[in-house]
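Take a look at the following structure, please.
Think of it as A, B, C, D, E, F, G and H in the order they're written, each chain with its own count starting at 1.
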Amino acid sequence: MQKDNLELLLKRVQSGEMNTEDALKQLQKLPFTDMGFAMIDNHRAIRVGYPEVIYSEGKTVEQVTAIVEHLSESGVNVLATRATKEMFEAVLSFNPNALYNALGRTITVINSTIKESESYIAIVAAGTSDLPVVEEAYETARILGNRVEKVIDVGVAGIHRLFSKLDVIRGARVVIVVAGMEGALASVVGGLVDKPVIAVPTSVGYGASFGGISALLTMLNSCASGVTVVNIDNGFGAAYSASIINQLK
Amino acid sequence: MQKDNLELLLKRVQSGEMNTEDALKQLQKLPFTDMGFAMIDNHRAIRVGYPEVIYSEGKTVEQVTAIVEHLSESGVNVLATRATKEMFEAVLSFNPNALYNALGRTITVINSTIKESESYIAIVAAGTSDLPVVEEAYETARILGNRVEKVIDVGVAGIHRLFSKLDVIRGARVVIVVAGMEGALASVVGGLVDKPVIAVPTSVGYGASFGGISALLTMLNSCASGVTVVNIDNGFGAAYSASIINQLK
Amino acid sequence: MQKDNLELLLKRVQSGEMNTEDALKQLQKLPFTDMGFAMIDNHRAIRVGYPEVIYSEGKTVEQVTAIVEHLSESGVNVLATRATKEMFEAVLSFNPNALYNALGRTITVINSTIKESESYIAIVAAGTSDLPVVEEAYETARILGNRVEKVIDVGVAGIHRLFSKLDVIRGARVVIVVAGMEGALASVVGGLVDKPVIAVPTSVGYGASFGGISALLTMLNSCASGVTVVNIDNGFGAAYSASIINQLK
Amino acid sequence: MQKDNLELLLKRVQSGEMNTEDALKQLQKLPFTDMGFAMIDNHRAIRVGYPEVIYSEGKTVEQVTAIVEHLSESGVNVLATRATKEMFEAVLSFNPNALYNALGRTITVINSTIKESESYIAIVAAGTSDLPVVEEAYETARILGNRVEKVIDVGVAGIHRLFSKLDVIRGARVVIVVAGMEGALASVVGGLVDKPVIAVPTSVGYGASFGGISALLTMLNSCASGVTVVNIDNGFGAAYSASIINQLK
Amino acid sequence: MQKDNLELLLKRVQSGEMNTEDALKQLQKLPFTDMGFAMIDNHRAIRVGYPEVIYSEGKTVEQVTAIVEHLSESGVNVLATRATKEMFEAVLSFNPNALYNALGRTITVINSTIKESESYIAIVAAGTSDLPVVEEAYETARILGNRVEKVIDVGVAGIHRLFSKLDVIRGARVVIVVAGMEGALASVVGGLVDKPVIAVPTSVGYGASFGGISALLTMLNSCASGVTVVNIDNGFGAAYSASIINQLK
Amino acid sequence: MQKDNLELLLKRVQSGEMNTEDALKQLQKLPFTDMGFAMIDNHRAIRVGYPEVIYSEGKTVEQVTAIVEHLSESGVNVLATRATKEMFEAVLSFNPNALYNALGRTITVINSTIKESESYIAIVAAGTSDLPVVEEAYETARILGNRVEKVIDVGVAGIHRLFSKLDVIRGARVVIVVAGMEGALASVVGGLVDKPVIAVPTSVGYGASFGGISALLTMLNSCASGVTVVNIDNGFGAAYSASIINQLK
Amino acid sequence: MQKDNLELLLKRVQSGEMNTEDALKQLQKLPFTDMGFAMIDNHRAIRVGYPEVIYSEGKTVEQVTAIVEHLSESGVNVLATRATKEMFEAVLSFNPNALYNALGRTITVINSTIKESESYIAIVAAGTSDLPVVEEAYETARILGNRVEKVIDVGVAGIHRLFSKLDVIRGARVVIVVAGMEGALASVVGGLVDKPVIAVPTSVGYGASFGGISALLTMLNSCASGVTVVNIDNGFGAAYSASIINQLK
Amino acid sequence: MQKDNLELLLKRVQSGEMNTEDALKQLQKLPFTDMGFAMIDNHRAIRVGYPEVIYSEGKTVEQVTAIVEHLSESGVNVLATRATKEMFEAVLSFNPNALYNALGRTITVINSTIKESESYIAIVAAGTSDLPVVEEAYETARILGNRVEKVIDVGVAGIHRLFSKLDVIRGARVVIVVAGMEGALASVVGGLVDKPVIAVPTSVGYGASFGGISALLTMLNSCASGVTVVNIDNGFGAAYSASIINQLK
C-alpha cells in the first residue's frame, strides 16, 4: 500500500466514507504493520537489568570505551566479550564498577540490579584449557540473570570424575558442555541427562583437532539425543541460548 | 530403582520378608540402580506414550519389522526414522495401526494415547525441497507429545512470505528452522523471535552447497543470538531437543 | 504498532481529533508500510513475457506438471530447470507448446510473446562437456528476453580458437564464461574484454577437479578484474544476473 | 594466415594486384591485428581520470613509492590497495595530494579530475567489522568515477535496520553487499532489489567461519537470483565489476 | 634363506657337491636372502596356519577364485576381505571348506589347523550398524590365531551398557574399539583400560559424519592415552595389528 | 602494431619504398603472425602416426563413433580414452582395425605406422588395482611412439619386489609411477633413479584415501627430488608428458 | 563393589549386623566402587616410578610450576610436555633435579628410580626436522621405564640409509615411526618388520603438506599391515601406547 | 654386486681361492652392493660441480653454518634453500665466496666450476609477487649447471605480454611455469609449447586462494597436455626436475 493510498484511506475515514473497522482490516493486511518489529527490543528494554552486548574483536580500544560509556549513561548493564585487558583499563578509568574476567576476556558493567533465576544452568567442561570459553559463557549467563553451576575438568578419559558430579549436572534446567580435542563429553553427558544440552566445541588441541573442527564434528554427530551445537569457542552464544531456555515460562 | 525402593528392599531383607538370594538377584538385575543410570529410561517408560525410536538406515527390513513387533507387544509407541516404504509394508502386514509418512520416511505405531502439549513447536522451512526433513521433525515432535505448527516455503529470497507468518512463529515456545542451500533463514528468524531456535541444515542444493555444509556453516556462524544447530538433515534430533525444551516445567 | 493502537489512531482520525496529515506521518514511520514489498513481483508481472521459474530437482513429475499447468493458465511464460525428459513428456501431453532442451534439461512454455533485447549476452564455453550448463544459461537468457550468442569449445589449451571469436565476445554487453576442469578461461576472457564477466564453474572433470571446486576457486581468484562468479553448474543464475545487467537502462 | 600467404599478399600489394585498403582489411582479420590488445588499455587511458591500480601486498615500501611516483608523472590517477600507513607516508613525502584511507588501506592520488556518474553504486554492509572491505570498495568505486552510497550495519539479525534503508539500496544501479560470519545479507538483499547484486564475503568471524569460507559458501548458494560473488575480502574486485556495470551505456 | 643355509650352500660349492651354476641360480632366485628380506614371509610361512590375505575390492570374481584356488593347493589358510557373495559362491564350488561371513564380507578357507592364543582380543563396538567392520576384524583376528570376545552396542549415549561389560573388556590383552558417528567410544574405553586400544572409525552416520571423517578425527584427538587409530572401516588392519600385539612374546 | 602503421607499411610496399621481404619480417614480429598458432598442430600432423585424442567421458556413443570415423578417414591414428565397451563396439562395426583395452578403457585405431622410440618409458605400479591407470598410460605412450616397460605390483609394503625390478626401472629414460592408497612408491622410486619421475595418484583405496587425495598429497610432498605429479587417475596425462620427455632430442 | 561384597552386605543386613540406613549409605556412596574405576590410577600409583604427565600448552608458567612442585612432594616422577624454557627455569629454581629437553620441549623430574625394560622401543625418524617429535617420544618412553633406540634421518628418498639400520629396528619389541612431508617411511618400515608399528605424522613440510595432513593420510592409508597411527606431532601419545605394548606381560 | 661378481665369488669358493667364511662375510656385508644403491650418489659425486643441497627451514643458524662449512671443505658446491639473511651472514664470515639471493632465500657457495648446459630452462612467472619462487628455481637450476631464461609478469589477465615473449619460451628445452592466485598461466603456456612444462603453484593471493591450493588445483586439472605439477612454492623441486630433463642425453 503506497503513501497515496494510505492518505486516501485516512481521508475516507476522516470523512466517514469508511468506518474504522474496515480501515483497520485493510491496514492489518499490510505487510509488517501488525508485526511490531521493535517488540523484541522493547521486550528486552523493559526487563530490568537486561544487558547490551558488545563483540569487541576487531574494534579499537576507543570504540569499545565509547560504546560502554554511552550505554552506561542510560543505566543499562553492559557485557563486552572478547575484550582485551587494555580495553578494560580504558573502561575502568571512567567507570569504577567495571569488572574484568581475564580468562573469559569479558568486561561487565552492572548499572542495574539483576534478578537471579531460581533454576540454574550447569556449565560442564572437559579440561582446564577450556576455561576461557567456560568463563565467557559464565559471565554471559550471569549478566542475563541466571544462576550458574560450573563443573570443570570432567573429561571422558577419566569418566569417574564426571559421575561424581552427576547430581549437580542433572539438577540443572539446561546444560552447557564445553570441550575441545575430541569433544566426546557432549555425547556422554547427553546420554546421562534429560535436559537440553548445548555443546560448545573449543579450539583446544593440536594437529588433527584442526582448531576445533574435530570437536565440532563430534558434537554434531552426537549419538545422544537432545544435544544441539554452537560455533567453535562460542561461549557467549551457548549461554545466550541457555538463558532463553532457562527463563522460559 | 529409586532411593526409596532401595530402602524398601533393604528393610524387607532386614525383616526377613525377602531372602538375600532374591535381594541379590534384584540388585544385580538393575545395574546402575545405585547410580541412577536407569532413571532416564524409567522416567521415559512411565510417561504414557513415550516412544521407542529406531534408526532404520543400514538395518534390514526383517530387523526393523522384528524390533517394531517386539516393542508393540509391550504397548509402547514406536517411531522408526529413515524407513523405506518396503519396511513400512512389512510392518503394516502384522500391525494395522502403523502409519507411514512417505516424505519424512517415518513409520509410527501408536499403541498408547499421547497427551498433547499446550504450547507448540513451530517448524519453519525455507523451501518445499526441505519437506523430508520437516516431516521427520514433525512426526518426531508429534509422537513425543507436542503440538506443532508448520510454516513452509518462507525462504529469505522473498522475505515478505516469512513476515506474513510471523505471528505463528512468534507464538511458539520453540522454533525449528529447516533450510538448505545457503541456510540464511535461521539468522533471519533468530533475529525476529526471542524463543530458542534450533536450526537444521539440509542437504538440499547443488555445487558449492556441498551436501549441506554450506547451510551448516551459515547456521553455526549465525549473527543472531539464540540459535543452536544440529547435524545436516537431522530432523529427528532437532525435534527431540525441541520437545525437551517445549516440555520443560 | 499494535492493532489496538492502530484502531485508536483511526478512531481519532474519524472523530477529527487527529488530522490525516499527522496520521499519515505516524503510519509512515511504521516499518515497511511505505516500502511496498510486492514491488519486485509487480514489476516482473507487468513486463510482458516475464517468466515464472521452477527448479525441478527434487520435485516429482506430478508436482512439476501441476505447477506448469497452473502457471500456463494465467498466460505467463514458464521455465523449468533441471527437468527430466519424463517431466517434459508429462507437460507436453497437456501443453503442445512446451519445448525441451535435452542438454540443458529445461522445459520452456511460451505463452506470451517475448520482446528480444538489442544488445546481446555472449555465452563462452571451454569445452563441449560444458554444454549442459551453456544450454541452461541459454534457455534462461532467452526466455528473459535476451539476444544470445554462443561461443563454444574455446578452452585456453588452444588459445587461437578463443582469439578467432573475440569479435563476437567483445560485441556483447555482458559475457558469461562457462568452464570446468581448471576454469582458466574466465581469467583469459576477463583480460580481453571491458564488459562484465560472469563466470560459471562446471563440475566437468575428474580427480582433483573435485566436482567443480577447482574451477570455482580459479574463478574466485581470477587475476583479471571485472569477473564475478556464481555457484558450480549454475547456468540459470549466471543468465539471470546477465539478463538484469543486459537490460539495465 | 601462414607466412606464405602473408608473403603472397604483400607481393600482390607490391605488384598493384591488390590495393592497400583490401590488404589492410585482410590483415586486420588476422588474430590480434584487429584485436588491438592495447585497446582496453587505450580505452582506459583516454577516459579522463581512469586510474592505474597497484596491489601493494607483498611489495616493499620502496617499490610502491616508485610506482606511484612514476605513474603520477604521467598525470594518471593512482589507486594503491592493501597499502600500509608506512607506504602512504613515503608516498606523501613527495606527493602532497596523496590521501590515505586507513580503514580501507588504500592510497589515492588524484592527478586528473574524475567525472562522477549520475547513477550510483550502493555498498551495503552487515556490520562495522566489515568496514575495511567497504572502504576498499568505496575508494575503488570513487576513483573509477562512480557516485556511491554506503549503508552500514544492516545485518539480518536485526532486519528492521535493513528495511529502513531500502530506498537508498533500491535506488542504486548496482548493489555491493559486504558481509562476514554467515553472510546471509546477500540473499536477503538479493530478494529485495531487481538490480545486479555483487556479494563480497569477508573474513570477519571466528571458529567455523573459517576465514570467510562460511560467508563465501552462503553467497554462492544464495537462493535469491541476481547475486554474483567475488573472492573473500575482495572489495576492490567487487567495486571494479560494479563500476563496469554502473557505467554501461 | 637364513645365514645357516647360505653357509651350507657355500660349503657345498666348496666341496664340489654343488656346481657354481646351480648355486648362482639359487642365489639369484632368492633376492634379498642376504638382506633377510624374505624373513618375514618365511617366518609367516612356517607358523602353522598363518594365512594369505586377498583384498578383493576391485578384483573380478575370476581373479579372486583363481588366487584362492592357487593358495589352497599349497595348504595355506586363506582370508579374502571385501568379498562379494558371488565371489564366495564361485570359491565354494571348488572348495567346500570355504566359509562366508556375509556381514563382514569375508571368505575364509581353513586348510591348516589354527592354534588359538590364550590371551584374547576384545572387539568393542558402539552400535549394530558397525557390525560389518566388527565382523571383518573378527574373521581376521580368528584366522590369525587369536581368541576373540565381541562386545556390541555399547555406545556412549547409554554408558551403563558399556560398564556392564567392563570385565570382558579389561580382561583382554588388546582392545579394538569400533565406532562411527562421533566415535566417542574410543576415548571412554581408552580411559577405562590399561591395555593397548586400537580405534577403528566407521563410515556409519550421515550429514556431518562425512563418511567417517568425524569419527576418525575424534579418535585421533582422543584425550585418553594409549589409543592408536587405523583407516576408516579398516577392520582388517585393526585386527592385524591387534594380533601382532596379542601374540608378542 | 596499430591499424595506421599497418596501412603505412602496406603503402610503402605498394609504392616500392619497402620490399616484401622486409615487410614480411615486420609483419611476422606482430603478435600471433610469427607465432604460428597452428605450429604445434602442424608439428604433430607431420610426425607420422601422431594421434588425435578423444576424451570420451560425457560424450555419447554416437559422438565418439562419429569423431573416430571422421579422423580415421584422414588417415591419422586415433586414441579414445575413458571409452566404454559399447563405444568400442560401435567403432569396431565400421573400422575393423579398432582395438579395445578393457582395463585401460581405451580405443586405439592405428591408421598410420608408428615409429617406436629407442629409449623407453617405465610404468611402475604399486598394485594390481592400479592397472586401469597403468593401461591408459600404456596405450597413450604406445600410440605416441614410445617403447614401454611395465613393472607391476611392486608396492612398498614388500619392498624386495621393487628391488628385483630395479634394473628395468633404471634403464628407462622416464619413469611413470602409479600408486593409490598412500602413494609412497613415488618417493621410494624417486630416491632410486636419476631420471624424471612422473607420479600418478590413483583413486584406489577407501576411507581416508578420499578418492586419491591421500596419494596425491603424498606425491606432492615427496621428499625425493625429481618427482612431478599429475591429476588423480590421469594415466593419459602422465604418458603424454613422459612421451614429450622421452622424445626430446 | 563385587557380587561377593554385595552378598555380604545383604547378609549383614539380614542378620541385623548392619542397619538399613548404613547399608543404604554404602550402596549410595559407591557408584564406582564395584566397577573399579580407580583401578587404573591405583595400578599406576603402585608401580614405582610411574610418572604424572602435564600437558603444558595453554598453561601459565605459574600453573605448571605449581603442579610440578605439588607432584614432586609426593615423590612421584613428573613429565611436562610442550613446556617452554621459561617454564623449565621456573621449575628448576625450586627443584634442582629437573631436566629440560630443549628439542622435545619436555621437563622431566625423576623423584623415584625407574626400572628399565629389557626389550626396547625403536624410534625411527625420516629427517632431522622430525627431531622435536622424536625427543618428546623419547622422553616419554624413558620416564615410563622403557629402553629406547633412536634411528634418525632414514627417509625413504635414500632408502639404503634405512636398510643399514634394519637390525636395530627389527630388534625392537615395538617400533615408532616419525615422519612428516609425505610420511612414506611408515609403510616401508611396516613392510620390513613383524612388530607393532605406531606411526606419528609430523607437521614438518610446507605447501600441500598442510601442517601434517599429508603425512597423516599417508599413514592411515598405509598398504603395510600392522601400522596404527596417532595425532600429528603426538610423540607423547605414540610413546605411551608403545610403552603399554612393550611392557605387556 | 652384479651377477658377474657373484659368479666370480662362487668360482673362487669352488676353486678354494676363497674360504666359505670370507665368502659368507662378503655376501652378508653387501646388502646394497648388488643393487647398486650408491650409484646415484656416485654418479652425482663424479659430475664436477654437482651440489649438495640443504633445506634450511627448521634448522638453526649454527646447524646450517656447520653443514656448509663441512661441505665446502670437500670442495663440493653448496645450495642452501629457505635460508635467512642471518644464516647467510654467518656463512659469509668464514666463506667469502658465499652469495645470497634475498628474494629466493638461497645461499650458494661455488667451490668447483659449473659447466653450463647449451639448452636452457625457461622460468615463466605470472606476477612480480611470484619472484621468491622464481629465484629459488633460478638458483637451483643454475647451480645444477643449466642455462636459464626468466620471463616475468606475463599473467593471463594481459595475455599480450605473454605472447610477446613466446619466442624465448618456445626456445627452451623445459619450461617452468610459476603462478599463484588462479594459476591459469600453466594451462595457457602448456597449450602454446610442445616441451615439458613443470608448473609451480605459489601461495601468492588471499581469501579463496587458500595459500596456494587454488593454483595447485588449477594446475593439476590443466586441460593442456604435457603439464606436470610440484608442491606449492616448491621452486627447488621444479628446477631439480627441469634440470634432470634438460640434461637428458
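The rule we apply is simple: a residue touches a chain if its C-beta (ideal position, glycine included) is under 8 Å from a C-beta of that chain, and two chains touch if they have at least 3 such contacts.
The model shown is predicted, which means the values in this text are computed figures rather than measured ones.
Peer 1: Listed by label, which chains are in contact with chain D and with chain H?
Peer 2: Output, common partners of chain D and chain H: C, F.
Peer 1: Let me check something: if the centre of a chain is the mean of its CA atoms, which chain is farthest from chain C?
Peer 2: G
Peer 1: Pick from E-G, C-F or D-F: which interface has over half of its contact pairs in common with D-H?
Peer 2: C-F
Peer 1: Looking at C-D and C-F, which pair shares more C-beta contacts?
Peer 2: C-D
Peer 1: Please report how many Å separate the Cα centroid of chain E from that of chain H, as a whole number.
Peer 2: 41
Peer 1: How big is the gap, in whole Å, between where the Cα atoms of chain F centre and where those of chain G centre?
Peer 2: 49
Peer 1: Let me have the rounded angstrom distance from the C-alpha centre of chain D over to the C-alpha centre of chain E, please.
Peer 2: Result: the chain centres lie 60 Å from each other.
Peer 1: Quick check on chain E: which residues sit in contact with 2+ other chains?
Peer 2: Residues 35, 37, 159, 163, 191-192, 207-209, 213, 216, 220-221, 225, 231-232.
Peer 1: Could you list each pair of chains that touch, in label order?
Peer 2: Here the touching pairs of chains are A-B, A-C, A-D, A-E, A-G, B-C, B-D, B-E, B-G, C-D, C-F, C-H, D-F, D-H, E-F, E-G, E-H, F-G, F-H, G-H.
Peer 1: Using the touch definition up top, name the residues of chain D that touch chain A in the complex.
Peer 2: Residues in contact with chain A: 128-129, 159-160, 163, 204, 206-209.
Peer 1: What part of chain D is in contact with chain B in the complex they form?
Peer 2: Counting only chain D, the residues touching chain B are 126-127, 155-159, 181-184, 187-188, 190-192, 205, 207-210, 213-215, 217-225.
Peer 1: Note which residues of chain F are touching chain C in the complex, please.
Peer 2: 32, 37-38, 57-59, 201, 203, 211-213, 216, 231-234
Peer 1: Which chain A residues qualify as touching chain B in the complex?
Peer 2: 31-32, 34-35, 37, 40, 43-44, 53, 163, 166, 173, 192-196, 198, 216, 220-221, 225-232, 236-238, 240-241, 244-245, 248
Peer 1: Within their complex, state which residues of chain A touch chain C.
Peer 2: 1-3, 6-7, 10-11, 13-14, 16, 19-20, 23-24, 27-28, 30-37
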